[in-house]
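Input: structures, listed below.
Next come two complexes, and both contain chain A; in the first it sits with chain B, in the second with chain C.
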Partner chain A sequence: MSTTDLAAVGKEVPGRGGAPRDQRPVRRKNTWRWLPIAPATVLLLLFLAGPIAYCAYIAFTDMQLTGQASASFVGFDNFKKAFADENFRNSVLLTLVFTLISSILGQNTLGLTLASLMARSTRFVRSATGAVVICAWVLPEIVAGFLLYTFFSKEGTLNEILAFLHLPSQNWLYTLPIIAVSFANVWRGTAFSMLVYSAALSEIPKEVTESAEVDGAGSWQRLWRITLPMIRRSIGTNLMLNTLQTLSVFGLIWAMTRGGPGNRSQTLPIFMYDQAFNKSLIGYGTAVALLLLVVGALFSLVYLRLMREEV
Partner chain B sequence: MAAVSETPALSGTAAGTKATSGPAPRRRSLRPGPGLSRSTRQRLAADLGLLVLLGAFVLPLIWLLFASVDTDPSMKVAPPSGLTTENFSNVLTDEITFTPMLNSLVLCGTATLMTVTAAALAAYPLSRYKARFSRPYLLTILFSTCLPITAVMVPVYGLFVQVNLIDTMHGTIFFLATSQLPFAVWLMKNFMDGVPVALEEAAWTDGASWLQALTKVILPLMGPGFAVVTVYSFIQMWGNFFVPFMLLISPEQLPASVSIFTFFGNLGSIAFGELAAFSILYSTPVLLLYILISKRLGGGFTLGGAVKG
Partner chain C sequence: MMSVRPTGPLVLSVAAVLAAGTLTACGGGSASDPNTIKIAFPKDTDNKVTVRDNYVKDMAAEFEKEHKGKKVKIIPIQASAQDYVTKLQQMMRSPKTAPDLVYEDTFLINSDIKSGYLRPLDDYTGKWDDWKQFDSTAKSAAKGQDGKTYGILDGTDTRALWFNKKIFKKAGLPEDWKPKTWDDVLKAARTVKKKVPGKIPLNVFTGKGVSEAAAMQGFEMLLYGTGQDPLYDTKSKKWVKGSQGFKDSLDFVKTVYGEHLGPEVDQALSPTMQTKVVTDLLPKEKLAIALDGSWLGQQWLKTGGSPWPEWDETMSMAPMPTQNGEAPGEVSMSGGWTWSIPQKSKNPELAWQMIEHMQSKKNAVEWCVRGAQIAVRDDVAADPKYLNSMPGIKFFTKRVEHTQYRPTLPVYPQVSTAIQEAMEGVTTGDASVGEAAKSYDEQLESITDGAVVKK
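Entry: the complex of A and B
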């Protein structure tokens, strides 16, 4: 549950009738009336734009944790170092795997599955499932991390189930740490997709699906040719927000594996932290942060295009 | 073990009762032939599917509940071998629970107040006046809601060291408040658009200032929206781990999200019962707050129509 997750919540309101332009108060046509945006703007400039600018500067220096005086401008060295660094490439790969499994395949598909099952199920089952899935979403990140740590651990619940089903068990956090944290993120984040898709599905007129059914379309055909095309904008927005949220997951992985064993679940945020603080290479860590920020910014721009007409 | 094997059985019985009760008889008369009607079969399949998924989602939560009252908790879901409240009484000390929770409250409470105040003030002109820069401004706000805050934490740490804000409550509060601000402004502006200007004009004619119009007319009218922004910001900050983890160092200042790590993070020698008990204590406030706003909006915090399809 991150900030970006709900960036679209307020959207329901303009539908109820936003303030019509021509009715806006026309009194006091001076710039002073814009004064109220000052506190927010100052905060954003000081604590958001400031750090981003500082980030862009530090990324080109060799700053270390120990002394500020020694920092000097090194051009693109940090980036060259990153792309030559096997650990960095490992992190990029793991981040891609993590995003693909947990956001695109996991949260998105499972969210859609839950939403479409809920549209057809009995009321009691629907609300029970909704409550549990949302509960997993609202729980603090660290608590979720601990819960899933016990779930996947060697003596944990998952292995117990596998043993019951006579399937081989293993120490998931050791053998497949990135898969374990990806599933943990699915557990924690699916509620958002579920809510988005529930809303989207409820907006599809019944007549459309019914007439397709009358025309003899099977359920897969209805899904591919009617449902999915009709909710494609929700799919786009949801994928974008999920991906952005997944890119910045730190606490969940930190609580479960701390990026380990070795670096086998070290996604980019963990790598960045590790370089900056455990290896004291602030400059290098910041360069990685800048790359992450740029990737995030690109995704945000796509999201902005999707949302354009809403502003 | 027992609880695990119970899950399939549970879904089996639930589906079984469904088959006998449901609206099956009525449908059957419409559609002659043996067995259940098609829509009932579909509903049964959907219920069954959901129950399986529900089982997968609920297991970690059941572990939490069981382990917190178990005399000898393990890492797997199992009914308590003996009931005890000792886990709770062990963690209910100043050091483990009360101080970190109080820190969390001060940190998140103050930051939420700051976010909501700044957001309400900024949303007012953005919602009410027209200006050339308001659209770019809003687009920038929307853009910043998406930025991965995690990525800025290393430079923020560096910056805070230089300006002596590191390990201070107020520095952390400022940053936490700012990190939620773009989203709060965006949400607040959209909620404010829903309040008709006509009501405000009555206040104008009575000679009210913009601040009076905002606090006496608009904010009360957008009550639920205002509550959503407040509660949502608070929930986000309460669960935030990375920001206080980076910016606060002294143990006596740490909020619950980080202290849980200090006390229990030494993986391998965890007292699981106490960890579970503390997790419950720490999570309860946000769960209650969530229920509060979702009830208030009639389940409408389900982002009704949030993302247009």
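Entry: the complex of A and C
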């Protein structure tokens, strides 16, 4: 806060004396300031706003990938169909379960735990752990998907290990696919949270923690009263980015289960692909994509609101 | 304001990563060149299976030699059956990506014709001498509802039961097995399960993983044995809903997987199951009975993906019976693939020359032999090289007499997906036969805009 205030004050002071003379250079400066971000803005409009607008248009048509001479406007039919569709509701539920388990509980908590453990450990442990965890994050999604498929599948690594330890084997890809893909997403995405929290934790001044310790605060109390309140902004940011990323996970689930068996791991992105490309109903699939966008926007609003409080 | 600061770079980098991802996914368009034709066809998910790749490569090399200055660019699409279809349709939507020649499954062709993806070939076939060699079903295989021809069929297929004589012997079943009813098939499977443990008694393709193979090799081979016009009523021109035959067929699938007469469910639902049966389960003698297609032998030739030249000492075939032995006592379904030219191709003329090249008599025979196809041309069918190409060719050619075809309508691919879903439901046990049939009926009604009739 303090630096921005100072800058604002600094600008105002010379302006007061000769406002008309200074106006022009300031404005010109402002236009020039736009220049560096202009390419990014154009790209965003072209490749982000453009497709979204096109998507919004298609969502109101009955466009098909095949079997149709020309598409026509159908109003809200696709949306009505979605809300009446049992499979759509199933997908919404699975998406929420997937997001809750893998992002909010898994990646977020595990990331924080790892970060705080790393803050206390030696440099060697820190860099070794960091390297291993980040490896999972750096892997392309589809590679991670196949790796985890071979890990969880019936003749996979996990069952080999379980057999070696004389423990009963699992077949989660078939019996509990949503849990299997959630674990996979935790494995893959924890590094991101860990990085965010490592940065946040390192910014807590030592004096604060130390004085709390002197005052006799135990480690739980310090976590609850000092650490968490001080990094709550990072928590909010991390939760938001994590949630948005998890909502749109496609490749990982597609490689591991293709949404099956049946529709037991069919989250919204998979459902949307299935409708648009397997069933050729591009219009309906796009409408679902738009609804997914709304779900994401709702989550973001909630987090933004949480972050704004008590500033 | 300040709160944005620390995360600013993060947001930017995330945006950059996302943008990079999206941008790279869209790349790959290639400039067109009047002397180059692009041929798109499916490549098996198993890298060892290269029968079609090799054939197209050989044809391309010959074509380039005969047509100086012309180039053939082959685009093998390595994907599961459903993904191939999706990719091809998307390629054909834009002139920038449209190939000049595509390999189309006949189940799809009417749907793609209606979408305007393909070019009518009548101007070419009219001037083509070899066209009169094609039999009438081959000529109608790729005919649109406007009466024009949109593809050249390069072979057909039939379907029946393959069984392992050695496993049958161990189970005390006859080597000249000829089931009369569905029950006979299930009885044999149960006997294998009891007497020869460790072997998979019976495979019936199911679920969305193997896509059309589940609907055609699996479900329709059952359904068409339950009565006349069980899927689409040709008289009223409406799709059939609520039929007992449909439920009985689902019940058969449920029995196979419920009683563990089939492969493990997760294996059965895997997209690679079709390849696994022909390159692994059958040649390694892990599977006793397979309801499958006439083309399996192509993988067992010396040129195939899983060479097993002495397969006829182990394997034998039997026609698939009707439900209770109703006339004509057997069921077979036929399909096939055509070479078609997309509407947005920039070199249709040259592409047609490539079709003519592949369909010269010599090359047509070559494909039928290598691909274990059933000939659709009279001159190929009479060729001694074709007739002696493989044991079993006589058996499968004989099935043509009572074979049936899928409804050649644009909505068929969507109906097929609905069938696959119903099958997957009863296979996993997530749905009862009644529930799966009901959900199929509902989907059918929406797919066909209510053009359904209760039977």
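Criterion: the second predicted complex is superposed on the first by the 236 of 311 C-alpha atoms of A that agree within 3 Å, B and C clash if a C-alpha of one lies under 4 Å from a C-alpha of the other, contacts with A are read in each partner's own complex, and residues count from 1 in each chain.
The rule is simple: a contact is a pair of C-beta atoms (placed from the backbone, for glycine too) under 8 Å apart; a residue touches a chain by one contact, two chains touch by 3 or more.
A quick note: this is a predicted structure, and the numbers were derived from the prediction, not measured.
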Contacts of A:F47 with chain B and chain C, given as first, second, both or neither: both
First, second, both or neither for A:K279, with chain B first and chain C second: second
Touched partner set for A:A289, first chain B, second chain C, both or neither: first
Chain B versus chain C as contact partner of A:P36, first or second or both or neither: first
Partner with the higher number of touched chain A residues, chain C or chain B: B
Chain B versus chain C as contact partner of A:A199, first or second or both or neither: both
Touching partner for A:M307 - first (chain B), second (chain C), both, neither: both
First, second, both or neither for A:P261, with chain B first and chain C second: second
Residues of chain A at both interfaces, chain B in one complex, chain C in the other: 1, 4, 43-44, 47, 68, 196, 199-200, 203, 233-234, 237, 241, 307, 311
Residues on chain A engaged by chain C in the complex (per definition of touch): 1, 4, 43-44, 47, 64-69, 154, 171, 173-174, 196, 199-200, 203, 233-234, 237, 241, 258, 260-262, 264, 277-280, 307, 311
Chain A-touching residues of chain B, taken from the complex the two chains share: 1, 4-5, 14, 18, 22, 42-43, 46-47, 49-51, 53-54, 57-61, 63-64, 67, 74-77, 114, 117-119, 121-122, 124-131, 135, 137-139, 142-159, 161-162, 174-175, 177-183, 185-191, 193-198, 200-201, 204, 210, 214, 225, 228, 232, 235-236, 238-242, 245, 257, 260-261, 264-265, 267, 272, 275, 279, 282-283, 286-287, 290, 300-309
Touching residues on chain A, where the partner in the complex is chain B: 1-4, 6-21, 23-25, 27, 33-34, 36-37, 39-41, 43-44, 46-48, 50-52, 54-55, 58, 63, 68, 110, 113-114, 117-118, 120-122, 125-126, 128-129, 132-136, 138-143, 146-151, 153, 155-157, 159-161, 164, 187, 195-196, 198-200, 203-204, 230-234, 237-238, 241, 244, 247-251, 254-255, 269, 272-273, 276, 282, 285-286, 289-290, 292-293, 296-297, 299-301, 303-304, 307, 310-311
Residue numbers on chain C that touch chain A, as the complex places them: 1-3, 6-7, 10-11, 14-15, 19, 22-23, 82, 86, 89-90, 108, 110-112, 114-117, 207-209, 264-266, 269, 271, 410-411, 413-414, 417, 424-425, 427-428, 430-431
